[in-house]
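Which chain is which? They are A, B, C and D, in the order written, and residues in each are numbered from 1.
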């Protein structure tokens, strides 16, 4: 019963941690837009956490630049299990227009498996909500697998 | 302080301005550039889309079959900036950016839009080509002005559009390619932009 | 009398130390022998005093011992008396405990210093001097012991003579300490000129009510002198220097014991000899000095960068509490002050010993250099936390119980006198307590927590022989806080009664009825009955604590099974979250903590820092000014 | 029997179970109403409860350079002392452990949770935690001065010619002579107390120590899983305790004669006080800087409390 309670709660309270891996800030702003009264993801229990230790879902934006690579990987590693990695926008998925730049060492899936990718440049907030909902579902699956 | 308190209290008793999104679908506004829709049957394989794509999201894969070349055009949304250049440059309007924004995927494959079409071998033309193999070879003109190789030309009109002097007139329907030699400045733009390399200089 | 045998104990307790001091010298370089002798001396003295608890504290006897059997003749005390009432025994016990624990700690601690020989001689001289002061019934004897104590303390301060700071501190100490000694000597001489006796009991029978300008001056001198020994404001900078430079076990004595003799002297002077404590002006003076001492020193402590200097300022801050409480002249105030005195000895001793442990392990007490030691020295860190919680008055440790009594006393005094000033005193006490907490969080953050600097990677926990005295002190901190009822019944109650009941003290020395005949007034300065407006009952509180702790442990154990074992690996996952380079050392420096506080009070703090210039001349001027101000104040208001 | 009653007090009624449930509920309505004030829908009222249980199920990571035991024990110490504090505060006249030295005990006990957070954060060896520790401590220093002034004013007002430190007497006095909130001399003190509550709880605009966006939640930066859950629970219980303390100090005069009704009324009042001093402030203010917090409390708030103390002292 206790386990079920925890599982149910986990589905209702996914906390996000947002890493900017050299993004142009477009996706970052759209992510923050989710907290505005218009989209208000807090009603679904989402919350932007200040530190990876509190997070369930890691949202990565930006192609992984050479400078940010170590920090991104370190930070992702610091998120306690179970965790879901979400890429927001095209950059972390494929480096997008930054591909081939001397300073870009992405995409992210070279280093860690990506659970959910949200395409768009930048994605519409509704699409992000969709993506996060999918991430929550994966979170639930991961909990079950554990 | 007081105006803020007033604002807060009125906010408390007014209707929230939140969209009920996941429970109630929301349409993207007109002009939104979302998921790419590829009408493969209209594609003339000019390859313009691929060339203008900034993110390198479009790839083409061709496969020779008995009936002709099976061309598969692949749009990887994970690398797309949704700038709409490909659609704008597509003369056949084979590419369209829809208003569908639900581009969420667990795997890479879910983010790929692709379409294939069969480019038939030009059977009749081949006979004609057999009849006069030598004539079809177009040689460059000596004065440096462009020449059109009609066997390669698909009459996409790009050369006419790009010509800085307005020396070219191309008619898709009539399949004509006319050069106004007086206006031509022999800049070579048409040669450079021709997707089929049909213009020889 | 069945207690005949106990008569000899106090003098033996004092002599033990002095005899021990000389025997230890004979032991020379034989460390074992030296330790055995010193240990035996300290234990004998402690047990002698403990055996006096039953007759003095429980049965209310006052033990009088005339040296050489020179008993009073025709109402004049001509011999030297050792007189032990509950107050003396209270301080005596405190001294003996602190000396024993600091001594046992020193056995190992001092091995780092090459010069072993003179340490225990001086250490035992200091202890003997302090013991002599608190048990003595003779004013001049007190002066002599004060000098013995001061010079031993100066010697010990300069013990690490390779350290220029230590030599400088010893010099300052010597100079400013002489002001105090001079004042006491002058006061003693004047009193002798007036009363023709040096016996405390007889003076306190004759003097009160017969005040003349000479005696007012004598009082001001004695008060300043003992105040100097307790390092009250404005004598506090010396304490900071001396404590910072002396070996830690000596700092325990200087802070926990030496300053208490000053407090003891002030009690004897103002409650017994002159009985001036009944005057409102006198109460105001003492409370004012106490408040200023506690606030100034705690803010200075927040500014320090050295562990031991910080502790030194806290000593004076806590002395401020004690003086404030004693200045209230109510039973609850006196009890609270005395309670805080014993608590201060315990928790400050503990803190100095942990500082010593840190110094022993790392070779420095400079806050900016240290960090993260809790991983290497977990026990020391735990002990530090006990000490820090005690001094900050976190329940259920002892600091809370005594501070609670002090708040209660100050606020009751405010209600009694209708003066809002005393209510503000309560406020100052509470704020000081919070600032104390803040400065110990600073120490915790800079020394025991945070990142471990690379050079301390190989630091080891202190040896067991050093940890045992610390654990005993920690246990005492806990127990004295846990059983305030027993403390009040067996220690504080009798001591408070002794402070207020001078007539018994006089009679015990001079023969029954003497007080009634000679003294002008033997009325109590305040009702010697402790009245609590509420009761602080930590035992049931502890019960709660244990029960809830058990429940939480059970829950967390139950939860742990599902979570799996906690792994501890040195990988990215277990690194601290930080955006910078991986190996970057990023410890928040102690000076930068509490920036928000320092920024707002920068005017005051800068002024204070400049005032503590470190120049001996300045400090002497401060001392002399204090003496002048107190004298003038006494002349105006007495 | 008495022991059993004590156990019930500790574990169920004002103790662990009740204060957790009620605290989480308060935290929930706080979040909900803030959202509504900002014209959002807001999370469900049970959201803090969900968060709590979710965190229980998460992995607990102890950073490799942390002082392990302090890091893990600290949250529980904080929780325990909060539960114990709950027993000392009269809720609608019901005080589990009355007649003790309540006010000063409460004053000190409510600093322990913050202290636990400070030591726990400090033990995690994170530089963010270091900054958070510093800021939390400055916040404690800031609110302690006005808080003691408020308590002294109340103690004087309730004591008549005498003074008292007993919350029980404060409640009794109010039941006889009416609530202190309606005593004009104590209105500044009540205002000061309303400002002290958010600072003590660590709510906007005084949450300098746990600022998520600037210093990654300060002392909590390295916490995950169950210890974090306990800290979140402590935060919720603290809301309950501080508002209950306010109700006991200023609104203790409501007495219907029926204990259970009194308790219900007191709890309703707690919620109202939460709404006023935390939710409303949260909705309309932004976070202050740490030195601004300190300055604000030592000048404005302390000034208010001091005015009350002087009025209580000199005006009958």
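List of remarks:
One rule holds in what follows: a residue touches a chain if its C-beta (ideal position, glycine included) is under 8 Å from a C-beta of that chain, and two chains touch if they have at least 3 such contacts.
These numbers come from a predicted model, not from an experiment.
Counted as hops between touching chains, the shortest connection from chain B to chain C is 2. Each chain gets a centre from its C-alpha atoms; the one nearest the centre of all protein C-alpha atoms is D. More C-beta pairs in contact connect the chains of A-B than those of the other pair, out of A-B and B-D.
Rounded to a whole number, the gap between the C-alpha centres of chain A and chain B is 32 angstrom.
Chain centres here are Cα means. That of chain B falls 64 Å from that of chain D. If you average the Cα atoms of chain A and of chain C, the two centres end up 58 Å apart. Centre-to-centre spacing of chain A and chain D amounts to 34 Å, using the average Cα coordinate of each chain.
With touch defined as above, residues shared between interfaces to two or more other chains in chain D number as follows: 35, 38-42, 56-57, 59-61, 128, 216, 221-222, 225. Counting partner chains per residue, chain C has residues 562, 571, 573, 575, 577 touching two or more of them. Residues of chain B in contact with at least two other chains: 16-18.
Because contacts link the chains in a way that matches no line, ring, star or complete pattern, their graph is best described as other. Here the touching chains pair up as A-B, A-C, A-D, B-D, C-D.
Listed in rising order, the residues of chain A touching chain B in the complex are 37-40, 43-44, 90, 93-97, 99, 115-121, 123-124, 126-127, 129-131, 133-134, 138.
Considering their complex, residues 16-19, 21-22, 26, 28, 32, 34, 54-57, 76-83, 101-106, 108, 111 of chain B touch chain A. Interface residues of chain A facing chain C in the complex, by the touch rule stated above, are 3, 51-53, 70-71, 73-75, 77-78. Listed in rising order, the residues of chain D touching chain C in the complex are 6-7, 10-11, 15-16, 56-57, 59-70, 76, 79-80, 83-84, 87, 97, 99-102, 104-105, 107-109, 111-112, 115, 118-119, 122-128, 130-131, 133-135, 137-138, 140-141, 144-145, 148-149, 152, 155-156, 159, 161-166, 208, 216, 221-222, 225-226, 289-291, 293-295, 298, 309-310, 313-314. Residues of chain B that touch chain D in their complex: 1, 4-5, 7-9, 11-12, 14-18.
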